[in-house]
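Below is one structure; the comments refer to it alone.
Per-chain residue numbering starts at 1, and chain names A, B, C and D are given in the order in which the chains are listed.
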Amino acid sequence: MTGLVAIPIIPGVNCEHDVAHAVRIAGGRSAFIHHTDRALPAETGAVYIPGGFAYGDYLRAGAIARFTPVVEAVARAAADGMPVLGVCNGFQVLCEAGLLPGALARNVGVRFLCQDVHVRLETAGTPASHRLKAGNVLRIPINHGEGCFTAPAEVLDLLETRNQILVRYCAADGTVDPADPVSNPNGSLRAIAGVTNPSGNVAGMMPHPERACEAILGSADGRPIVESLVHAAQSAPAPQSAGAGGR
Amino acid sequence: MATTPAKRITVTIRPKAGLRDPEGNAILHALAALGWEDVENVHVGKTVTFDVGADTDDAARAEAEAMCRKILANPVIEDYEIVVGDTGS
Amino acid sequence: MATTPAKRITVTIRPKAGLRDPEGNAILHALAALGWEDVENVHVGKTVTFDVGADTDDAARAEAEAMCRKILANPVIEDYEIVVGDTGS
Amino acid sequence: MSGPPLHRQLGLTDDELERIREILGRDPNRTELAMYSVMWSEHCSYKSSRVHLGRLPSAGPQVVLGPGENAGVVDIGDGLGVVVRIESHNHPSFVEPYQGAATGVGGILRDILTMGARPIASFDSLRFGLPVAQPGRSDPDGDDTGTAKQRWLVHGVVSGISGYGNAVGVPTVGGEVVFDPTYAGNPLVNVMALGVMPLAHLQRATASGPGNAVLLVGASTGRDGIGGVSVLASAGFDEGEDEKRPSVQVGDPFEEKKLIEACLELFRSGLTVGAQDLGGAGLTCATSETAAGGAGGMDVTLDTVELREPGMEPFEILTSESQERMLVVVEPENVEAALGVCAKWEAPATIIGHVTGSGRLRVGRSGETVCDVPPESLAEGVSYERPMSRPDRITALASRDPHALLPRLGPGVVPGEVLRLMTSPNLSDATWIHRQYDHQLFLNTVVGPGRGDAAVLRVKDTRKAVAVALDGVGRYCRLDPHRGAALAVAEACRNVACVGAVPIAAVDCMNFGNPEKPEVMWEFSAAVDGLREACEELAVPIVGGNVSFYNETSGLDIDPTPVVGVVGLIDPLDGIPAGIGFDGYGDVVFVAGTTYDDLGGSEWAWWNHDVVCGSAPTIDWTAERAHNAFLVDVQKGGLARSVHDVSVGGVAAALCECAVAGSTGAEVELAAWAPDLTMEDALFSETSGRSVLSVPPGVAESVERLAETHGVPLHAVGVVGGDSVLGIPVSDLQEAVTPAW
């Protein structure tokens, strides 16, 4: 049986309970996977790497976390097509691990930012976005000090031509202006807030969809993203080797 | 304790040339606000210093190179520079 | 643009000896886990480089000293070292 | 060595040394002397304040645990308790703002954790000198008190709270920031934290059961924060150890995060019989307090304490304030499992001793006994009844009527006066601060910082929510510490009522000057009486607190500054409470409550005209209670579009804040809420018990009826709409409140 959303817990991560809560209200099941585990549970249908400060974000966000056994297990599963979503620190880990292109540099304003932003969905149809349409504008909070998406120009061009841009920071009306410090507060290149790998099964984004799943908390716009992943987990074919990790 | 002599390594990691340096920029503005208006080209880097057992400077440098490539620096956004010295102990 | 010649300053700021260095500690453990077990005394510091208009090296150093005391470093917990050079421009 | 005898260098008086000799029946050794000196310090023993704190009302039907514990616990029904605590970290933050504030956050979180609860929210109450010069005055220069230094401090403190709080994974959901010259040489950094837990899982800070193992969990022990006793290192016993070590404590939020997870799992799996965090006085405090509270004895070995630095002496290990450590008492058969849990979370843990029934705290190092004392003699400390005398200053200030020194305002100058008032840093927009704080983690934040007068956190899996506000009013306390303290309680309760919550408990952080001065002691005692009066009148028991004395620089004491944190309960929470911003064109603007001519200590008199004298604002407890009850009913009925209390800056500032928060102006009839007063009194008086509401026209009548039922005077003063308020464009106000620093 598949359908489980695996939530890897690397020491210092702190959004794991929030992710579990969001998965539950999106109709899914989740399980915490300890960072020393070398394999994901057999019933894993998707992975949601939560935000936080893995290994204190010392050295660089995600730099130390990428070497944990659980991240290596996620990498193997991802290679087999497992849907993986990394949010915030999870996104940083995926970039450091080379599962996603680019890097997250210090916010242009240097300061940590916890605030609502708007993002525009650029690529629908991925495991993290199939419940949405391209052009949808979502209001979701960010919460990071190192969220400025950066990559060489030729990589950015490729991301665009291969539809690997998941979400972009935008104004409330959907207008994207990378030079606008209000709508693109961390200064991300080309206002990129989230990307996918070439095959689309691995995605990362800085805004926290799990923080925007209930109206009482101010916005439910993130819920379709969580629901997309939950649904992908439930409909994913049992992966051939995800459960058989280890070496 | 290493029986091989220890070398002191200093790795300086800086934002890649051409990329923004938000911290350098912030310091530039803070200095200007305090009256140092003729300061220019401010850049901020991070240094990691450590001792490593190695017979020669070259061996120490090679180790440090490997560490930088593997973990200490992120080549997408950072450049690094390695200086090898003696620990003085 | 300064009409006085510019000097390039490099300030290296390090935590004072004896002070806890959580980041250095985390890097030490990460390196050990990756097989570099003979690494010791890992410490993380910061470098700030900038150009400042000054006629002499001494004048440049004095300015940098003032900046360190006022804003770049907190002498209660940090030591700093100033190197004055030419901008090469 | 030369100079005064060792015990005096350690801060112990001759009498205190004599007491120690009596207790031990011999001379204390060096290690013991160090331990007594830290435990009998003002900070740990509350020796000047203890005789007064007993007057605080701490009983109430909902109080589960009151003062004296690591944190207070209040029953909110459904078997759940709110765990709450406040602490000051003033002195460390002045020396090193980032680390001082960071370790303050770390410390308060461990207090919550010690009770068995996961800390789920923290709050910061900050006070600094002026970050910009007052209008028409020059920068109060001098390197330590100038505006540049104050800006450096506020930025450092805010980054420290952000850096530690975000990384440790506890959201900072509210707070306050105040600027006044009185704090220029002595900033105040008070932090409060809160947890919610099943009452059945409360942990006790006692070491019971002889034979039980004592574990030290968390970070290694270094020479952090041993400043006070470090004279021992240079006391001639050890040559060549003269390297001056920084006594600044450095926080490591990553270590604390692992400690939190490890402890919570230990508690939840029932592996512990007691726990105590290590804070001030480190291992000395944790071992003596748990031993004194439990079986009465403990044998400790320093040989297994994980040390960060070589060559540490026993007194250094015992008094080190290294952060992120916890003492845990475990039955012998559970030791292995407990160590396993710690290993799972990568929190280092070692067995450092066991509980005994000996009635002694015995500490050994390398087979040698370095300490053998009755633990309660350390834990109970000493207590003094210090002399008190009413400061002449208070009489002098009270006898001067501020009105005599202030200008009379005609309508024409109102916009200018109001706009100038709004440039006060005390009215500036704090968004730049709380945007740096994760204020959403754990998905409980219904009203976050900046959106309402209090933070609102839902309690998941129930229909309840808790509301929290923090307030202190130092300038009122300068005029009258009794009434000032009472006004702080009133304001915090009112802030909580503004979001629809019934105040249920309070914590207080008493920031005062040098208690050896009779005037300061008198102020302290008066403030305690003021807290008592207010808490009794408003039925909020005090469940915990903290006293910070010696807030002085160069002999100048700060204004007495009790900071009060109030917890309120919303049950049931039926939606997001109305915030403070004007929003609906055509909504009726009301001012609730009665305005008197209270310009004494007001922001306008001080900031605009440099006048601070007279009496602190009026409080009428009957009116105060009625007004709070009215606000709760307004929010419960969903009747208002916005609710905001009137405090600093009076009705004028409140109206401007509502306009800025909602980016919408209002047509307001000047002084319609106080037609019998002068313009300046109407606009800028800071009488307690008032608020500004905006209400859709359709329900205005219901709100009026509700006010009548509660006996609250309600004045319709205008209508929401347009892009200006009090004759000032909202965009100008926006600019005035945005800090340029």
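Going forward, contacts are C-beta pairs under 8 Å (C-beta built on N, C-alpha and C of every residue); 3 or more make two chains touch, one makes a residue touch a chain.
This is a predicted model, so every value here is computed, not measured.
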| item | value |
| --- | --- |
| Chain whose average C-alpha position is farthest from chain D's own | B |
| Chain pair with the higher count of C-beta pairs in contact (A-C, C-D) | C-D |
| For chain A paired with chain C, centre-to-centre distance based on mean C-alpha positions, whole Å | 35 |
| Distance between chain centroids, defined by C-alpha means - chain B, chain C (Å) | 10 |
| Chain A-chain B separation of Cα centroids, rounded to whole Å | 30 |
| Junction residues of chain B, two or more chains touched | 34, 48, 71-72 |
| Shared interface positions of chain A, touching two or more other chains | 55-56, 58-59, 63-64, 67 |
| Set of chain D residues in contact with two or more other chains | 148, 252, 254 |
| Every chain pair in contact, whichever chains are involved | A-B, A-C, A-D, B-C, C-D |
| Of chain A, residues touching chain D in the complex | 11-12, 14-15, 17-18, 21-22, 34, 52-53, 55-58, 111-115, 141, 143, 145, 208, 210-211, 213-214, 216-218 |
| Touch list for chain B against partner chain C, complex | 2, 4, 6, 8, 12, 14, 24, 27-28, 30-31, 34, 36, 38-53, 63, 67, 70-72, 87 |
| Sites on chain C touched by chain A in the complex | 22-23, 26-27, 30, 33-34 |
| Of chain D, residues touching chain C in the complex | 95-96, 99, 148, 152, 222-224, 243, 245-246, 248-252, 254-255, 308-309, 322 |
| In the complex, chain B residues that touch chain A | 15, 19-20, 22-23, 25-26, 48, 71-72, 74, 76-77 |
